[in-house]
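Each chain carries a letter (A, B, C and D) given by its place in the written order, and its residues are counted from 1.
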């Protein structure tokens, strides 16, 4: 899983490290499929992605994805954005499946189980789990607590809950107790590693064993 | 007969958005509706990427790329606005908390089916975004579009030929020639531009149209 | 729906007003069934509750509930606390039903539909909607934005999302823009009325038409 | 043979809670485990009413009734702690994010079934709280209880006679006489108090017991 909506909240430095690390045959869960040359587009360009689950792959400059897709080199599972969020949340919260009204009667529900409940039609959708979530936040502490910046929050808090190992890049780390406990958006229990990325340097601020 | 410009359609939609409404404006043309919402009305704009209380575009030297709308354009936040994650944002949509959603469309059927995400072309790269959630989630879904395609075919249809976004979800359609109510009882005309007649409109759309109740 | 866990976060002043208002035959959705003489216990004492959906009715001083229950005057639907939260959330988020692992193989799942998904057993549970949610928060503004105090937050944010009309009592109201937009826990869209209760006086700070 | 006191059982459980663990301590007896967690270990206590990083009880003049644990007792918050709503709190539990949960029990079966919410008595007012969620949600569920009822019956049983809280959810049982592993392969003895023999323990429990692997 990779957080971000458009360019806001995309953990570019973590993705760069992923490209450098050489991981391949990845399944990427993300709202978009990358635009321009950096971030997810760099993963696409390096041909590391076998499958992508997303809501909005096509963008003005999604040429790296477009080329892989047209060449049949990447498998696309298109999911309505709210169902994408709901399925990620279902994974994080331990549900087996959910009945969602979104997509009923459309191509994206073809072949899926449906049910009428209280006069309304629903589609059965299953959780999306991940081995790793790469997310971006504004500030973190050594327990892994995170706060975000504006609309860069988007998918990060729910992805952090749905992955076996969540790695967060933060712009700054603060000492324990500096974050208002009422304001913590992602409690540290959902974050296994924190990397502070400030300009060219980076430093690990939390490092917990992951089962992924 | 004078067709409404896109801007004029946006202004017409804005007239129907009441004080206190929570509103999501779809990407593209519907975004322009914001320009016509009267300042004296408290209207709360929602953006599915986690913003409530969205304000107008910022000055060029005040752009923050972490404060963008669903169309990825820079916006501002009004006093009283708030940020939240995608889960909560789509709970607002799917849970029926958004009063009005304004969307563009390829086609709308007389019973309110919406087609606005996919042309059905075999070589198109599909992308759906939040369209399907918005279509079935908002209390009231309004569509704004030109009534006819460039080749003169009606986009208000008996049955959509394009892949559906949602079933029986649209309640009103604003076009350059007329405003329609759609739903279980079929399509009816709320108003039309000067110089147009119901007969001419039926001819253009190939639909059996009547005036809406009370018009 | 009435927020609160134990005494923390119970909107006592709103409940008092409910008792005074004379509403009867109520269905109450709440974690507890009241203790002592105030709050929900006062509703029980006045015999206004026909049915209660909760996880933990029995407490040391829940004598008003206990008496009504033993007299057969109140119907009890006992729901595991996490399923209670999940069903309230499902209502707020527009799901038709959810498969939850909690309660499988127990008395509380008897007669309910079950399903094995990926080797694990789940129970099908339906959303709990409400006409009204009475909640308590620390601070609000005239748009209805709310922040809470410590563990008094508990059920309030999710109940606010699941009711047609949410009425919040707050200890203080602040001017629009005073609340940090990153810190707003309940965005105003989920709150239809705000009443400031400071000592003996109270004042309405938001008043929106409700469909309930 | 010296039975462990309740306090000693709590201390024994605490020994098995490792550095970095996220832990929920059930109401009642399990709460006492907190008193024996070594200060030098970073252990994160979760309370299902919306607290992570719970600290010890406050001084009497520093009680805040909006900061209570699931047993409704006043607590404190450590630096680094956080508050959240019941939805997120039970997502932590049900979603498998809590490493260890310690619960009391009426009965535990050799395959790990747990009965701890209801005696089955016809006139009892039932109350379940978060027990069923904790039982099936935490990665590892530990039970602490006395091995026998007051009348001498074993509470570790072949099959629970009390209504179940969860099926096949317990992995280890700490008692005043012995520590057991339970699970698909049945019950095995991890350790027992000095002076007790496996034969005597089998006799007390009426169970076919063996030593756990590696003991």
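As a convention for this text, a contact is a pair of C-beta atoms (placed from the backbone, for glycine too) under 8 Å apart; a residue touches a chain by one contact, two chains touch by 3 or more.
Please read these numbers as outputs of a predicted model, since none were measured by experiment.
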Inquiry  = For the interfaces B-C and A-B, which has the higher count of C-beta pairs in contact?
reply    = A-B
Message = Just the number, please: Cα centre separation of chain A and chain D in whole Å.
response = 35
Key: Approximate Å spacing (C-alpha centroids) for the pair chain A, chain B   = 28
Note = So, in whole Å, the Cα centroid of chain A is separated from that of chain C by 32
Inquiry  = I need the residues of chain B touching at least two other chains; which ones are they?
reply    = 77, 83-84, 87, 90, 93-94, 137
Ask   = Which positions in chain A touch two or more other chains at once?
value = 86, 89, 93-95, 100-101, 148-150, 181-182, 185
Ask   = Which pairs of chains touch each other?
value = A-B, A-C, A-D, B-C, C-D
Ask   = Can you name the residues of chain D that touch chain A in the complex?
value = 20, 22, 44, 46, 52-53, 77, 79-84, 87-88, 90-98, 137
Residues of chain C that touch chain D when the two form their complex = 5-9, 31, 55-58, 66, 69-70, 76, 78-86, 88-89, 100-108, 121, 148-158, 185
Message = Using the touch definition from the top, list the residues of chain A that touch chain D in their complex.
response = 89, 91-95, 141-143, 145, 161, 176-177, 179, 181-182, 184, 187-190, 208-209
Key: chain C residues touching chain A - in the complex, by the definition given at the top   = 86, 90, 93-101, 115, 117-118, 120, 122, 126, 147-150, 180-183, 185
Ask   = Which residues of chain B touch chain A in their complex?
value = 47-51, 64-68, 72, 77, 83-87, 89-90, 93-94, 118, 123, 125-133, 136-137, 163-167
